[in-house]
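You will see two complexes here that share chain A, one where it goes with chain B and one where it goes with chain C.
Presenting the complex of A and B:
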């Protein structure tokens, strides 16, 4: 039974790995640079695995989620700045994901977009209100597995496998190094987006992990995210095999689905849209919860889906307000795909403020006792901290210099 | 926080500056965009002609592509142009309008295989013409 539970958790993690930021940046990177940036995905996946394992372990041993650590380790002022940055990026991401859900529903039903935005908002609220935490995780994780259709599409598009293999070796072969750097930063930002660790660590507290769950934590983080990265490879290979050759700039979520429609026909198209729907729907719920978790943990309110709505009223009110704001923002006509690019780049700026406190707490033996970071976790943690600082400093200049990746 | 908000606004303003005068660089970028929309439209038309798409997907996605081409047509017609490339900009604007109209046909007839078949070659020709203007 235990192995079965672990397998279910891993499957959910694979399906839940990809969100709208990964979809947009992986396919666009493939359409612009072919397979050249596959190595960046590997770096991003290892990074999110290292820090997710760390914050899952902290949650299991100390019962503290990320924003408890932020408040404790950074103090009120810096902590508040981190909170504001995290909430702004969260809201942007949530808005993009809600818009993405509405677009997928429109591609499936043909109904008017604005009605579907409202329907998406109501559907998300109902799911969050009535469904238990682990079922939310599983329903959207399993649904997201439909994205495996892109792995089949990638094979059917007959990429040059030698070039794909070469893509895993860091190299630059372009006349546009700034654009290359912009996509590298975007891919890292999308893979290591902060809401993933907020959600992961808070989820561990929700599920009342203890020391006995450290194996599950490792398996979820390493195998789940590792195999989830496989979906990112597939998306980039589809971008490189189909769109680059034809000079297509995939600007719409529908364009990404075309990547499965061309090699696999109607069934490929439907699986792609359903997969994207579950991936962005699941990410919408993750970001919604993350926003409420962050605020509640920072101000010391009662929080958690397991407490039911009346047990954590301010937590419940926060996610309702965030959802209403996101639905309102999508209704203004903002383009979810463009907003995603801004959200990913701004989240890259906020990365150090999220990851430094995790590293500090994971090293604190007064909390973590014998479960504190070992040499390997610390070495990887510090290397990634350096990477995160570099991408956080370069993200906005690259956004401006490349005109949001346009040239 | 105030400084952060000001920086955010500045970034949005700078990054969003996609209008202004059409110079050679902008003409190249917009030509590539028109070629991209036409090529993607041709892929979609091909799938519709083979029965490999779905009614709602073809209808909605063709409309998205058509609207993007139409927006480019309007922008190219309205924006001031540097001397020497006015004729190419006018050509590209008309071409974007033509692509938009063809994609609108696909939007209106998302299950009609013969309409889709008849749109493939014109869209391919439009993509080639836009590619020429980008050189």
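Presenting the complex of A and C:
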């Protein structure tokens, strides 16, 4: 039974790994550079695995979620700045995901976009209000598995497998190295989306993980994200096989779905849109809760979905307000795909601020005891600290120099 | 609590947990007592938006204003223990903590199905 549960959790994690940032950056990277940037996805996936495993372990042993650690290690002042940066990026991401849900609903129904934005907001609120955490995870995780249609599409498009293999070897073969660097940073940012660890670590505290859950934590992080990474490969291969030579930039979520329609027909298109709907919808709920978790953890309020809405009133009010803000922002007509690019790039900028406190806490033997970082976790942790600092410093200059990846 | 501990790292900014395992604020600051030449002694935990003013300049003042002000002083005797969090001996209500949640609760309760 236990193994079955773990397997279910992992299935849900695969479906839950991909969000609008991964969809946009992987397919665009494929459309622009073919399979050349596949190696960057590997680095990103290993990065989120390392980071998540640490966050899950800290949560299991100390009962601290990410923003507890931020507050504790950075203090009130720097911590507050971190909180504000994280919340701004989180709201941008939430807005993009809510917009993505509305776009998918429009592709499926043909109804007016504006109504569907409101419908998306209401649907998310109702699902969050009445459904248990387990079921939210299952519904959206399994629904997101429809994205596996992109793996089938990737094979059916008959890519030159030698070229795909070559993509896993780091190399630069382009006349626009800046654009290449921009996409590399974007892919890393999309893979290492911070809300995933805010959500993950808070979930671990909610489920009252202890030392006995560390195996599950490792399995979730390694297998879940690892296989989730496969979906990213598939998306990039589809982008590279289909759009590269045509000079087409997939600017709409609909054109990403076309990637499955071309080789697989109508059923491919339908599965792709449904998969995107659930992936983006699940990510909307994750970001929504992450925003509320962060605020509550920083200020010490009661938080958690398991306490019922009345058990954590300020937490509940926070997510309601965030959802209203996001729906309002989508209503202004902002393009969710364009917003996604900014959200991913800015999340890369803010990444070290939440990563460093976790690295420090994971090394604190006073309460991590024998579960503190070992040599492997610290070596990887430090390597990724360097990676994260580099992408954090180069993200905005690259955004400006490449005109948001347009040149 | 007899061993020496680094107050800044081990106590300040930790989560306060009441006797019923409810989260009820952070250790925003400590009150120390002791005259010249005497040993300093921690006498109370300070928690609440008004404490932030002194800790974060302009942003701190804005946050304190948004948070509605207020400051609670929890005598050190009420601390049951310190591990990853700071555990208190009494219920949050008795200590005057967690009032923001208590004030908001009646409004959230009005929404149907709020207690599931």
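Just a few scattered comments:
Rule of thumb we're sticking to: the second predicted complex is superposed on the first by the 407 of 407 C-alpha atoms of A that agree within 3 Å, B and C clash if a C-alpha of one lies under 4 Å from a C-alpha of the other, contacts with A are read in each partner's own complex, and residues count from 1 in each chain.
One rule holds for everything that comes next: a residue touches a chain if its C-beta (ideal position, glycine included) is under 8 Å from a C-beta of that chain, and two chains touch if they have at least 3 such contacts.
Everything numeric in this text was worked out from a predicted model, so none of it was measured.
Partners chain B and chain C, brought together by superposition on chain A, fit side by side with no clash. In the superposition on chain A, A:294 makes contact with neither chain B nor chain C. Residue contacts after overlaying the shared chain place A:85 against chain B, while chain C stays out of touching range.
Of the two partner chains placed by the overlay, only chain C lies in contact with A:316; chain B stays clear of it.
After superposing the two complexes on chain A, the angle subtended at the C-alpha centre of chain A by the centres of chain B and chain C comes to 130 degrees, rounded to the nearest 10.
Of the two partner chains placed around the shared chain by superposition, neither chain B nor chain C is touched by A:95. In the superposition on chain A, no contact is made by A:347 with either chain B or chain C. This overlay, made by fitting chain A, leaves chain B and chain C with a least C-alpha separation of 8 Å. Contacts of chain A with chain B, set against its contacts with chain C after fitting on chain A, overlap at residues 81, 84.
Interface residues of chain A facing chain C in the complex, by the touch rule stated above, are 62-64, 68, 71-72, 75-77, 79-81, 84, 129-130, 296, 299-303, 308-314, 316-317, 366-367.
By the touch criterion stated above, chain C contacts chain A in their complex at residues 9-10, 12-16, 22-26, 28, 47, 52, 55-57, 59-60, 63, 67, 83-85, 98, 100-102, 104-105, 107-109, 111, 113-116.
Taken together, the chain B residues at the contact with chain A in this complex read 1, 4, 7-8, 11-12, 14-18, 25, 29, 32-33, 35-36, 39-40, 43-44, 47, 50-57, 59-61, 64-65, 68, 127, 131.
Remark: chain A residues 81, 84-85, 88, 106-110, 246-252, 254-255, 257-258, 261-262, 265-266, 269-270, 273, 342, 346, 396, 399-400, 403-404, 406-407 touch chain B in the complex.
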